[in-house]
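Scrolling down, you'll hit the structures one after another.
Each of the next two complexes has subunit A plus one more chain, namely subunit B in the first and subunit C in the second.
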Partner chain A sequence: MKHNITLRIGPATFRIGSAWPQPIAQLAQLYAAYPDVRGAVADFTVRLQPTNLLRRVLRPSIFITGDHGLADAAPMSLAHGLLAAEMGMNLQMALGWRRHLLLHASSVEKDGRVLVMTGESGSGKSTLSALLGERGWRFMGDEFALLDCDSGAILPFPRLVSLKNRAIDVVADAVGEARMGPLLNATAKGDIRHMVPRSDAVARMDQGGMPALLLFPRFGHAADVRTLGQGEIFMRLTQASTNYVALGEPAFTGLTRFVRQVPARAIDFASGEEAFAMVDRLWEELA
Partner chain B sequence: MPDLDATTAYRRDAADAVTACILDDLTLFYHHRSGQTHMVISPVPEIMERMADGASVTAQVMHDRLARDYDLGPQEEAIAEITAHLDALVALGLVRLA
Partner chain C sequence: MSAALLVRVLRDPAQVGRLDADGWNRLLAAARAERLIGTLAFRLDDIAVPDGVRPILTDAKRDTAREAQQALWEADRAGQAMRGLGVRLVLLKGTAYVAAGLRAGQGRFIGDLDILVPRDTMPAVERALIAAGWEWVKEDPYDDAYYRQWMHELPPMIHVERDRMIDVHHTVLPLTARQTPDAAAMIADAVPIINGLYVLSTEDRIVHSVAHMLADGDMQGGLRNLWDIHCLLPDADPAALEARATHHGLASHVRQARRLAAAIYGDGACLTLWDRLARARLLARNGWGQESRKLLVFAFYLRSHWLRMPPLMLLRHLWTKWRKGHRPQ
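Let's look at the complex of A and B:
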């Protein structure tokens, strides 16, 4: 395509092509600290193309596609091109990655051991991982945690952190404007702004760690900590995985080992401070 | 002419092999042939275990095998329940009709 960039995030390399220059320029700026992989063979191709020929110039409308695509993906406005590129990369991972069990989870690391947090959109897992990454933890990823089914390790996938609505100001205050991307107003998921992970998270993006604690965070509820049965944990993790079925028996072996070995809690919290205190205490007690 | 005395028999074939994993009070079966993971609770693991030898069993035989280790209550109700479980296992492809 006319404009393109190749990016490597953790073990995955993406070639992103676009009919317009803006999304590629924004990616180049925000991913400037990531390895230069120009000319590398990409695992996945993402294409941002006009929904039809006219729509390249007239009310430009992006259709996200690539090696893997969704036929009924809604077109997006060019102003949200950066988000379209990020969604395109997520889509390739979710539909095409086979080297690890993909968990829809955020993760952070301390002393070589990993805290994994999983939950639905709006649970606070993304924001929590971004903020913990500024508080002595190494940020590993806000969207996908990659479980190596052979070794049991969690591998990083530290792409840009996608922050929504209220989380934007909280994180911008913590990290400073220099690491924040443009504000994307009124997307299908509300307002979105991307945050660039700290340089150590990018520099160490090939280093995994063994999982030591699994949390199911839930933002916006009175403080509470609950235990969960292993069966429920297993079920929630299969629901949080996009490729559990595709990977077959290695995924069964890897995930059941994870569930049996990693202590887990569901945590509810009403503020960031409450969440940090809970995470510190549970890490101290269980990990 | 239909055999009015016919009783359904069930068996597990080597091709129906599963890998089991116990998580608290729940058992997972990874079914190699289909790649499906089944989550089951008692008495399904106990029934599957008592078919591991591959021999054909009727619901009555299964009842007798289970009754050696468990108090199953009234026989008629227990056999009806065991039959329902065996039929469900056939539907899942974990057990086949003998």
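Let's look at the complex of A and C:
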């Protein structure tokens, strides 16, 4: 495809092609500090192509696909091209990555040990990881935590942080405009703005760490901390994984060890300050 | 054309020695789009490849190993569901190749479970599968009626727990197609393989695969079909194959498949004009994994409908589907 870029994020390399120049230009700008991988063999190809011939020029409409795709993926406006590219990369990981167990989770690291946070969209795990990354932790990823089934380590996947709605201003205030991408208005998930991780997150994106604490955050509820049974934790993590079934027995063994060894808590919080205090206390007590 | 690169490498794996990163990217994208990445991975087993490529091939091989295991389990479950009916269950396509340990099964992508059973046992088979947890996928009454009246298979079913599809065939081609292969003879001559499951005879396997590729459908995924045929051909005696194909009314199709397989994956062949068109259609894939030659691809799409049914019936079918909002891809 005429417009294209190759990006490496953690262990995965993506070749992204687009029928339009804008999404590639935005990626080039926001991923400028990532390793230069021109001339690399990519693990995945992502394509941003017109939904049909007409939609290349007239009310341009993007169909996201690639090596792996969903036939019924909703078309996206070219104005949301950056988001489409990010979704395209996530899609390849979710459907095609086999070298680690993929957990739909954010993660941050301190002293070589990793805090993993998992929850559904809107739980606050992305925002929390982004803000912890500005408060002495190393940001490892806001979307996927990669569990190495052999060693038990969590590996980073520090792509751009995707911030939604109310989280946008909170994070933009904390990190400054220079590290923020364009505002994407009224996407299917509301307003979205991307944030570039700190340079240490990118520089150390090949360094994993052993998981030391697992949290199930939930934003928008009165402060509370709950314990969970190992059975429930296991089931929730299989649901948070897109390749648990595809990996077979190694995933079962790896995830069993993770659940047995890593202390876990569900936390509810109504504000960022509350969440930071809980994370600090639980990390102190349990990790 | 990157499909051309893909078939060149499948024919002669040492060709990858000349590829730069861009060449590898084009090769891998085309192989994934044609669902030949597992086959490619096996072909490149003993060939030196760049560092970034080996893990991709290892992943592909692991995926096909899992698919083979799942496919055999589905076949076993279908066999279990139909036990007691006294019906001969014949495995088709990928599952059959894996069950029989054929070269065509090595690294092959396997989607649905395809089985062949005698037409007069269909109601009993349908009941047995439903009792064992399979359910209908298509809700549309027109589609359902269409399958039952005109097609060579039941509407697709999916297993409620395992989320895997099964296609129950009672013959090889749609009932409206011009050729009428002898499905009863295929079932009668099938060979037992494991646990009361059967696969087609050496010749019938080829005829079935050829019918699927050249007498039905628009050749989407045809490169993989042709790879199957290329792998199956050496097992058959040419005279026996010719006789069997003639019996099924598919002799010219089998001859064309042999020419195409030789031209694309083998030592070359003398091609007719029609063969050349078919080859151009098969190789319509660019280095980003996209279908190219859109006009030619669309022409083959039209042809697939032309093959499937007589003109008036085709008009009525297309009109019905159009009103329901269906558009060609």
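Keep this in mind: the second predicted complex is superposed on the first by the 287 of 287 C-alpha atoms of A that agree within 3 Å, B and C clash if a C-alpha of one lies under 4 Å from a C-alpha of the other, contacts with A are read in each partner's own complex, and residues count from 1 in each chain.
In the analysis below, a residue touches a chain if its C-beta (ideal position, glycine included) is under 8 Å from a C-beta of that chain, and two chains touch if they have at least 3 such contacts.
Everything numeric here is computed off the predicted structure, so don't read it as measured data.
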| item | value |
| --- | --- |
| When subunit B and subunit C are modelled together on subunit A, clash or fit | fit |
| Included angle at subunit A between vectors to subunit C and subunit B, based on C-alpha centres and rounded to the nearest 10 degrees | 60 |
| First, second, both or neither for A:Glu249, with subunit B first and subunit C second | first |
| First, second, both or neither for A:Val41, with subunit B first and subunit C second | second |
| Partner chain in contact with A:Val116 - subunit B first, subunit C second, else both or neither | neither |
| Subunit B versus subunit C as contact partner of A:Arg260, first or second or both or neither | first |
| Contacts of A:Thr238 with subunit B and subunit C, given as first, second, both or neither | first |
| Partner chain in contact with A:Arg98 - subunit B first, subunit C second, else both or neither | second |
| Subunit B versus subunit C as contact partner of A:Gln230, first or second or both or neither | first |
| Touched partner set for A:Asp67, first subunit B, second subunit C, both or neither | second |
| Shortest span in Å between Cα atoms of subunit B and of subunit C, once chain A is used as the common reference | 7 |
| Contact residues common to both interfaces of subunit A (with subunit B and with subunit C) | 248 |
| Residues on subunit A engaged by subunit B in the complex (per definition of touch) | 229-231, 233-235, 238, 244-245, 248-249, 252-253, 256, 259-260 |
| Subunit C residues within the subunit A interface of the complex | 20-22, 24-25, 28-29, 32-33, 50, 52-53, 55-56, 59, 62-63, 66, 288-290 |
| Residues on subunit A engaged by subunit C in the complex (per definition of touch) | 1, 13, 15, 17, 39-43, 45, 47, 49, 66-67, 96, 98-99, 246, 248 |
| Partner subunit A, residues of subunit B touching it in the complex | 19, 21, 23-26, 28, 30, 32, 35-37, 39 |
